[in-house]
Structures are given as structure tokens and as C-alpha cells.
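Common to both upcoming complexes is chain A, partnered first by chain B, then by chain C.
What follows is the complex of A and B.
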């Protein structure tokens, strides 16, 4: 039912069958996905096992004895308690090989490239801002757009695929849909491209995944074909102020789309 | 006479007559070899072994579920494309011909970023202008 209303927005009543082209314009993830708790703990477990079974670090190969580097390394890595024959060890005798207790994992602390204060924080001096050896502070994975919950921003939910939905009346939200004219035979992906440029301006660089439609929703005389494409750079800026748009992740779409419509196309959308 | 006997008894440091390049290879091999570098074998108790196996089984079933879900989705997508193309062929053969052209020159854009662990200072490039279009 909603399909008929969508098509009525963009096409005049013509002879059957009406063909229209819908764009699934996606913004690909910018950062890697958030790991669920189970995966995170499993990877941690495997990582600990791997560290426990790792060979001893060949220190003599990387730090030649008597050099300054060797000295710095020794300052950071104190040798383990040695196997003193006159002492009793309650939890087993240490087995020292190459100054590592081979019963446990070897924990290495490497000399830092920047000056450190006593508590491990970086000492900032006038040279550190553009120095190559400065401490690397990665940007936050949560952006300002996430905090403000700005759904029109392309910088929200960087770890997810976002899809463009538009609305003319701010009530019914749909994917951008464009009617294919009966007289001029223009390929479906071309119709989609022209429609997106007319609707959202020229400041948009996108990649069309294929000229073949990836899905069709057919009712009595309407055929809505889906074209997949991905936004590479630029932004969607509607020319008319009546057109509202949002960038939504897969799980946010059912709130705005018609339920049957969403269920029909949900396998086309990316989970990540 | 005395000095002669002394010469014989004095021990000096043993001088190795190894080529420096050979010594370098020996050093490199010492870093690669397993001798005196291997940790002790992990000996799990019966209870720990059960715990370990439970974790591995949980992981296996988790990945299997994910794989089946992914496979089903791919199959659904394939059927969708098949169905869409069949419908298009029935409705409009000319549009079908245009859609069915080979995609082999449709290269993936090189300026598409690969996902990283942390975002760049500017997460998105906004200033794009289409050259070819008016």
C-alpha cells in the first residue's frame, strides 16, 4: 500500500506497467566494527594463551650488551627471582632461561620514544607537538554527531553502514524512488543517478555497485527495482527545503519504514 | 728460561677466528632458533581442560551460527537479483538488455577508505564537486 503512495509522488499516471528505480545509497563503515562482549572475551582468552606459549624475546639480538639501549631495556625489565637453592618456593621453583621464568608468560616493557613522567604520562614540551616520536592519542570512536544524535550527519555511527532515507512530509520515510519514463529508455541505474543528483545536489561522489537491480517489489502494475550504491565522498544536500533526509543504520530503519516494506528488503541491508 | 716457561702457562682470552659475516648469521640464527627460548608446556587440570573445551565449543557454535546466517542472506540476495532480472525481462526487454551489460569496467573507487580502528581527524570528505555535470 505504501508502495503505491511512494510512486505517486514522483510519477504521473501512465500506461501499465509502471517501472521505478529505488536507490539504496549506503555509507560504508569508516571504522572497524564494535566487537560484541563474547567475541571480545574470547579474543582476550586466545591472546593470553598465545602470550603464554610465546618464545622468549631474543633481547641480545635487538639490544647489544653494554649499549645505551640495552641499559634502558634493563631498567624497564627487571630480571625475575632466580632459583636460589637455599630458599623455599611455595608455588614451585622458578625455571629461568635467558632471564625469563618459563613457567609464565613474558611481560615486556619496551623503552618509549617520548619522555615519560613518573606516572607514565607524556611530558609535553615545545617540540613534542609535531615530533614523529610523540605519543599517539587516537581519536574517539564516538563522534560529536553521535552525542547530539544528529541523524542527518554522515559522521554518526562510524562503525556501521548507514542508509539514506528521505521524506517529503516528515511523516512517511522511504528510500529515494524515481519513476522510469516510458518514452525514453534510460537504464535503471542511470535513472537512480540522475534522480539522486536532482534531489541531493551535485556535491556527491558515489559508486554504483552494479547496473543490475538487486531486488524487485511487484504489485499489480507497479514494479519497484532496487539499485545498490555507496557514497564515497561529498554529501547529500537537498535543493528544496521540503525534502528531509536521514542516514540510518539497519536496526533504526524499522522505526521509520513501513513494516512489510522493511521485512521485504531487510536481507539487502548490511548488518555491520 | 723462566720467561720461556711463563709464556707457556699464561692463559689469554680465547680468540675466535670467525668471519664477521658468519658471526652475523650465527646471531640471526640464535634469534630464530628454539633453543632455550621455549616456555613450559601448559598442563591443564581436568577441570581446566573442561573449561577450555567449553570455551572452544561455544566459539565454534557461535561462528557456525554466524556463517549460516551470512550464507542464508547471500542466498536470499542472489535469489532477489535473479527474480528482479526475470521480472525486468518480462516487463521491458530493452531495459533488461541495458541492465545486463557486463560490469567488468565498473572499478571499485580507489579513494574509498578502508575501515580503521580509530577515525581520522576529519572522518568524512565533504567538499566534493562533480566536474562532468552542470
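What follows is the complex of A and C.
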């Protein structure tokens, strides 16, 4: 069932053209993309500029005078230096409006919903683990699979698209490719679907983006159509132990795929 | 220079204040005071750094934009592609005929079957993949017809949710039974684009809509045949916006509003495909 694309692609046997369906099974990114250093500094600059030009925080609306919230807010935010008319200020006279020095950006410290230590870290007590008001700690962007470099795991490279490649002899790696039988007229996407389920078990939940192929590589003896599909949940578990598989990002693929073949299809793969 | 026809040259020459500047007669009324050089910078858009009201727009990573550009665009292109498709003409306004001068200058006849014209549907290509172009929020506040101070509440609510200053809307007609008076303010509207739009979209699809118990999805019947889908939220649903939920005592009066999702899709089916991949369910 699995055909060796490279050998077929460069074979010189002239027979009736065979039609085959190749599945580009992708796992979409789970988290936001990693920003390049330039983009990161650009956003940081724009963000600081935005904060500098920001209107004064309407404290009188969100923390009304005399309330408990107002008390907590005042504890955290000490008023700026008073514009004393009798004093001389060496680095410019403060311009105070609504207890903000308008010469600088306004730095706010809002009361937290959890108990805080002096250094800003959360004080953990026995009730805080399941409390709704606990501090939200985001998970790490780097997973265990990344540290172990486990290429068979779906939890690696969370910010990138991963593509399924398989191998029978552990040497030549290809995308899953299935021949379309000449007798039974089964459509390309159906062939791809049945092939993936036979190869990777029923514990896989995936869908074809479209029944239309997104690319074709034509040679004298073969027409290889590409079906784009995405994994939603589950795991790819090969039925036979001889089949090896990997989930690889775009820049890792040229190491395993044939060079000409990769150049032919690289525009189909996502950079993110 | 044009020759000016004078009926009496003598009187004109004797006049003291004679201007040599030809008067300019505009076909459209122009407020010349607003053309002063000193006011020119006020005409600049707010995202131009020369504008006095400059506000930076690209202040952070926009994940909805990233998702659309990297994944959705190519998928939509593949899904909507039809081999050998040709341009389908839309339902246009029709001519009354040319056999009479009365028909020639008459207002165009309405489109066949529909009250509104539809656009031509062109074959899908990289340049016309459906895209979310804007979100329009319209809040008609009926209660404000009696208590006009509720207009402020409704504008504050929308500003709190969307991060954009809303515009006031006014009644257009007199309807005595509904206490409508022409020119009376009755709610607000806001048009979201760019980062604010994506922020509102992800709040709506991830935090608000999943928590509405009765919400099954946007109606499949919704749409204006041109790729714009509308739906409404009731005052009870507004409570789920985190900006409102955390300050409930500040917003004692909440008002429902209508949301129109404007897309560049040519048909409602295409728009639904785009919106469902952005996280809106349909039923």
C-alpha cells in the first residue's frame, strides 16, 4: 500500500500512468507563533509609545472614593511628588493631573484577587489551588517532548505546524501515499481517508480540508495528487510495527525527504 | 482670462473697493474656514504620527490575524475553488427600456425577485479570498427615549466592551406610539477594524458565546445576500463580557445590541464558511 515515492519518481519504466493520493496531514499550531527579535522590539516600542500617550486611568470611576477598593488601590499606588510652588525642581516641575505626573507614562498597580507577598509572588495556602481567584500561571511554551526531542509526539513545537512523515525501512521517509485502484472508482480524498485509517488506526480524529487536491506531481508513470488534511485529536498509532513515523516542522523536512521532491512541494507547507 | 460683460463700465471704475480676484463658485458648499493651513493636521488620520491625536495601532501580536494569514487563507482558497468556474452576474438594477424619453430618465427598476442588488460572483483567486473586514455594533436604546441619561450608560457599555469611542445615533422619524421623536438620541454605534475587531471577536467566540445557555449558534437564515452576517445579544448575555462581569456594580443598566460581521465574501455561504472557521457556530 505504501509506495516509495522517490524510487517511483525516478524510475524509467514506461507503463500506464498510475494515480496516487498523498496526504499532507498537519497538526496546526497550538500556541501563538514565536516572534523574531525585530518584530518583538517593534511591538515593545509601539507599546511603550501607546502607554506614554495614554489617557489618565479613570480611577474615580473604577475605584470610587471611600470604598474598600479605593483603599487597596491607594495602598499600592502612592501619589507622585507634589508640585510644591516654593520648591525648586532640578529635573523639571511636575505636572500633576488626577494624581498622575503627565510628563511620564502612568504605571498602575492594580489590587490582586489573591494574597500577595512583599516581592509580588503569590502566597499559597490550602484553599488557593482550586480557587477561582488564584493567580493564573501560563504553562511553559517548551514541553517535555521538546526537551527529549521526541519526534513522534504531537506535543512538540507547539507554535509550529507539524507534518506527518512515515517510513518502512527507517531510511527513506515520505508523506503517506496511497495508490488509487483502477477498477473501483474511489475518489482521491476517500482513498486518502481510508489509507490513513488503515495505516494509523481508528484512534485518529482528522478531517480533509477539501476533497479537491491542492497539488499534483506528474511524471510519465505516475500522477501524485496531494490532499490537505488536519488532525483534530487522537494519536497516530501505526497498525504494523515496521512502519515508523515522525511529526516534523517545515525546516526539519529537507533532512528526511528527497531534495527535488521537497523543492517541488515546499510551497504547500506552512512557515508558522 | 474670461471677458466679463459689463452693462456700465463707468460705475464699476468709480467704485472704491474694486477686487481683481475672480470669484470662485463651488458646486458643492465648502467650509473655507476649515481649509486654513493651521487646521490641516487635524485632517490627518489618527494612526499618522503627525496627527495631534496620534495613537499607535500595532501595539502587540495579533493572533487572529496570524491565524488567518498563515492557515485560513490557503484553506479557504482550496475549499471555495471550483474547477473551470466563470463569473456569475449578480442581480442588478434593471433598465426600464429606451423606447421612451420618460423611461430613459426614470429611476432604475428594482432587481428581479429581490429588493436589493447583489454583487457579481467571481471565481476564487488569491486576491478575493473572503476576509473579515469589520464588525459593526449597533445599540438602539428604546429606554433612552424616556430617560435620556441612559444614552450615556449605553455608550459607556459599548466603549468598555470594544475599546473604541462610540458614535451617538438619532431617531430618524416621528412615531407617536413608540415615543420616537425625530433627532432624539437613542443609543450608539461603533465600527471595529484591525486589532480592536480581532480582540472583540476572540472575546466573543471564546468567553461570551460559550457561556450563553440558550445560544445554539448564529441563524443560518441571517445574512444580506452580500456576505454580511448579523445577530443580536440580549442584556443578559452582555453580563458575560469579562469587562462588564468584573465591574457589575458600575453597570446597573445593561442593553442588548446587534452585531454585524462584515466580510468581503460575495455570498452568505462563503461568509458562513469564513466565520465558522473563525469560531462562530451556525445552526
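Note that the second predicted complex is superposed on the first by the 257 of 272 C-alpha atoms of A that agree within 3 Å, B and C clash if a C-alpha of one lies under 4 Å from a C-alpha of the other, contacts with A are read in each partner's own complex, and residues count from 1 in each chain.
The rule we apply is simple: a residue touches a chain if its C-beta (ideal position, glycine included) is under 8 Å from a C-beta of that chain, and two chains touch if they have at least 3 such contacts.
This one's a predicted model, so the numbers in the text were calculated from it and none came from an experiment.
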**OP:** Using the touch definition from the top, say if A:212 reaches chain B (first), chain C (second), both or neither.
**Re:** both
**OP:** Using the superposition on chain A described above, determine whether A:144 touches chain B (first), chain C (second), both, or neither.
**Re:** neither
Original post:
So, does A:116 touch the first partner chain B, the second partner chain C, both, or neither?
Top reply: neither
Original post:
Thinking of the overlay built on chain A, is A:19 touched by chain B (first), by chain C (second), by both, or by neither?
Top reply: first
Subject >> Partner chain(s) touched by A:181 [first = chain B, second = chain C, both, neither] >> reply: neither
Subject >> Contacts of A:30 with chain B and chain C, given as first, second, both or neither >> reply: first
Subject >> chain B versus chain C, judged by how many residues of chain A each one touches >> reply: B
Subject >> First, second, both or neither for A:42, with chain B first and chain C second >> reply: both
**OP:** Examine A:84 and indicate which partner it touches, taking first as chain B and second as chain C; both and neither are also allowed.
**Re:** neither
Original post:
In the superposed arrangement, which partner chain does A:50 touch: chain B (first), chain C (second), both, or neither?
Top reply: second
Original post:
Can you list the residues of chain A that touch chain B in one structure and chain C in the other?
Top reply: 28, 32-33, 42, 49, 53, 61, 210, 212, 214, 271
**OP:** Under the touch definition given earlier, write down the residues of chain A that touch chain C in their complex.
**Re:** 28, 32-33, 35, 42-43, 46-47, 49-50, 53, 61-62, 161, 209-210, 212, 214, 228, 270-272
Subject >> Complex interface listing, chain A residues touching chain B >> reply: 17, 19, 28-33, 38-39, 42, 45, 49, 52-56, 58, 60-61, 95, 97-98, 102-106, 138-141, 143, 154-155, 158-159, 180, 185, 187-189, 197, 202-205, 207-208, 210-216, 218, 223, 225-226, 230, 232-235, 267-268, 271
Original post:
Can you list the chain B residues touching chain A in their complex?
Top reply: 27-28, 30-31, 34, 36-40, 42, 55, 58-59, 62, 73, 76-77, 80-81, 83-85, 87-88, 91-92, 94-95, 98-101, 103, 106, 108-109, 111-113, 115-121, 123-130, 133
Subject >> Parts of chain C lying in touch with chain A, wherever the complex brings them together >> reply: 54-61, 63, 66, 70-71, 75, 78-79, 81, 83, 247, 250
